[in-house]
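Once you scroll down, you'll see the structures, which are given as structure tokens.
Presented sequentially are two complexes of subunit A, the first with subunit B as partner and the second with subunit C.
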Partner chain A sequence: MEHGTPTFTIDLFGLPVMFDLSTSLMIIITCLIVFFVFFFMTRKLAVRPTGKPQVLMETLMNFVKGMISSNMAWKQGGKFHFMAITLIAFIFVANILGIPFTIILPDEAHTLWWKSPTADPTVTLTLAGLMIVLTHYYGVQMQGMGNYVKSYFQPMWFMAPIKFIEEFTYNLTLGLRLYGNIYAGEILLLLLVSLITTGGILGAVGGFIPLMVWQGFKLFISAIQAFIFVMLAMVYLSHKLSDDH
Partner chain B sequence: MEFLILGNTGDVGVAIGSSLVLLVSFLVLLGALSYFVWKPLKKVMDDRENLIHSEIDDAENRRIEAQRLQKENEELVKQTQADISSIMEDARAQANKEQETIIHDANTRANQLMANAKADVEREKEKAIAEINDQVAELSILIAEKMISKEMDHQDQQQLVKQYLQEAGDK
Partner chain C sequence: MSLLAAGIAAGLAALGASFGIGMVVSKTVEAVARQPEARGPLQTIMFIGIGVVEAVPIMAIVIAFLLMFTF
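So, the complex of A and B:
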């Protein structure tokens, strides 16, 4: 199950900057899908909703608002509303992009072009890093530099190294949880597909039902992982924002 | 740059470029969605919330106002009824008084008229009695004259007439 990755490297002031082309492409596709779906769903907005799209969008908004409110006061958390809702939409769409099909070129390296962008650890770790950086930024902004530094020594001074390392584990757990779930899901999908295509009659019959079941389950995982990612990001944010923790 | 990366297949390095693509496209997506989707949507939702709040407040105010007006009206009706009954009472008392006055006046006048009439009748009666008395006296004198004239001669009679005329002329 080795697949090649299309790469493209440019030299930026002597540093080689490598682009994973398929991941970059999928990221942009995800962004476009998310944007246009939401854009066309909110063209006919009214104080009295006239169609289902607006109701659906408002439900999503209120859902994310509930997620934020369950972690912090809305007065503090309100400014993360748009970010959280964009994040959950992006991750969910990114997760489900790999479900219906994958595109593997029939060349020597079996170059994989169409996949979930979240099946790439670079993407998930970058997203997680963005969230963690955000928590630190708002931690300093809301508590002030002094309180922010003091919070590392908070319960006991000797716990500072643990708390310091914790910040990196947050990043890793947040990113790798998403990556692991989606990547494993895609691996299993590919295995099931290869069972159907190469396993003869028995493989085709035996693999079809599990493939469908797994696709459905992966849809569920996609939603759950998007939810968990945003929820944990909000939890980390709330840890940094409130000084009573 | 050498990193230990999960899911990587060995000789390829870290796809820093992918991170950059993700960061840029995610931030652009965030900006575009915020501007084109979330802000209008949030505005509509806030508008609705404000509308509902203001409608509820309005309804509450109207209810209080209606209650106040009702109380006011009830008081007004009560007061008006009291006014009416007092006016009626006054009018009735006034009417009674006037009635009594009128009856009293009429009685007085009637009594006076009766008294006058009685006095008149009395006076007439006395007058008539006096007249009758006079006439009776005259008649008696006449009768007496008749009876006397048979014994008086013409000369005496003439003298007597003259005497009377003179007496009448003196008067």
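So, the complex of A and C:
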């Protein structure tokens, strides 16, 4: 079950900085898919929608709008609308890329080239860190530096260390939840595929139905995880934005 | 030995997570049965709750993977 990862290392002032080439490739593919899907689905816009693409896009926009406005006032949260749409589309496409097939080169290291980019903790923790930094930025911008610092001492002054640690926990749980779900799903997919390919006729018959069921369930998990990621990012944003406690 | 540790960690994590998520979902079902028109918001809250509950066993699974592959 060990798979090699194609890596590329550059020397940055004596520090080795390692790039995972397959993750980078899959992120670029995800970005291209998201960009072209959104590009071609929004070409023929009309006040009276004529085709399915526009209706689908409007449904997605209204869905994300509902997610934001269930957490904060639309006057405050409206500026995060497109960010949330981009985020949910990126994470969803990234999650489902690993479902249909995988590409493992037949060399001795079994280099894994095609996978979900979110099955890599660095990607998900970076996304989560980005969101947490954004909450702090908008927290300072919307309620001022004084109120922002004061919010750490808000219910009681001795809560400050807990509130400080909480920020790191948010980052960790937000990133690791996505990573753990997608990575565990991919491991199970690989196990089922290896059961089918090496288990003989009995393994092929016994593993086929569970594989299909698990692929369907993983599609559901992918959607739910993308939804939860964006929803929790919005919840954390609303914690920082609101000045009434 | 580390495989055994990984198995115990994953199993206990699954046990705790199933109890926690079961509790969240059962309370949501009760609430929807009591007030069916509040189904949409309750479902959203349920998924957030499941996401929060799930974070801890996922970390246990990550620890299990670490035990399996690095030790």
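The definition used in the following text is that the second predicted complex is superposed on the first by the 242 of 245 C-alpha atoms of A that agree within 3 Å, B and C clash if a C-alpha of one lies under 4 Å from a C-alpha of the other, contacts with A are read in each partner's own complex, and residues count from 1 in each chain.
We adopt the following convention: a residue touches a chain if its C-beta (ideal position, glycine included) is under 8 Å from a C-beta of that chain, and two chains touch if they have at least 3 such contacts.
Being a predicted model, the structure only gives us computed values, none of them experimental.
Overlaying the two complexes via subunit A leaves subunit B and subunit C side by side, clear of any clash.
In the overlay built on the shared chain, the residue A:L130 is in contact with subunit B alone; subunit C does not reach it.
By the document's definition of touching, neither partner reaches A:V64: not subunit B, not subunit C.
In the superposition on chain A, A:L241 makes contact with neither subunit B nor subunit C. Using the contact criterion defined above for the overlaid structures, shared-chain residue A:M231 touches subunit C, although it does not reach subunit B. Using the contact criterion defined above for the overlaid structures, shared-chain residue A:A184 touches subunit C, although it does not reach subunit B.
Set side by side, subunit B and subunit C differ in how many residues of subunit A they touch, and the one touching more is B. In the superposition on chain A, no contact is made by A:I96 with either subunit B or subunit C.
Once chain A of one complex is fitted onto chain A of the other, the partner contacts of A:L176 extend to both subunit B and subunit C. Contacts of A:M83 after superposition: subunit B is touched, whereas subunit C is not reached.
For the pair subunit B and subunit C, the model built by superposing on chain A gives 6 Å as the shortest CA-CA distance. On subunit A, the surface patch touched by subunit B in one complex and by subunit C in the other comprises residues 121, 176, 179, 183. Note for the complex: subunit A touches subunit C at residues 67, 70, 121, 172-173, 176-177, 179-181, 183-184, 224, 227-228, 231-232, 235. In the complex of the two chains, the subunit B residues touching subunit A come out as 1, 5-9, 12-23, 25-26, 28-30, 32-34, 36-38, 40-42, 44-45, 47-48, 51. Listed in rising order, the residues of subunit C touching subunit A in the complex are 41, 44, 47-48, 50-52, 54-55, 58-59, 61-62, 65. Residues of subunit A that touch subunit B in their complex: 2, 5, 7-10, 15-20, 23-24, 27-28, 31, 34-35, 38-39, 41-42, 45-48, 54, 57-58, 61, 81-83, 85-86, 89-90, 117, 120-123, 126-127, 130, 176, 179, 183.
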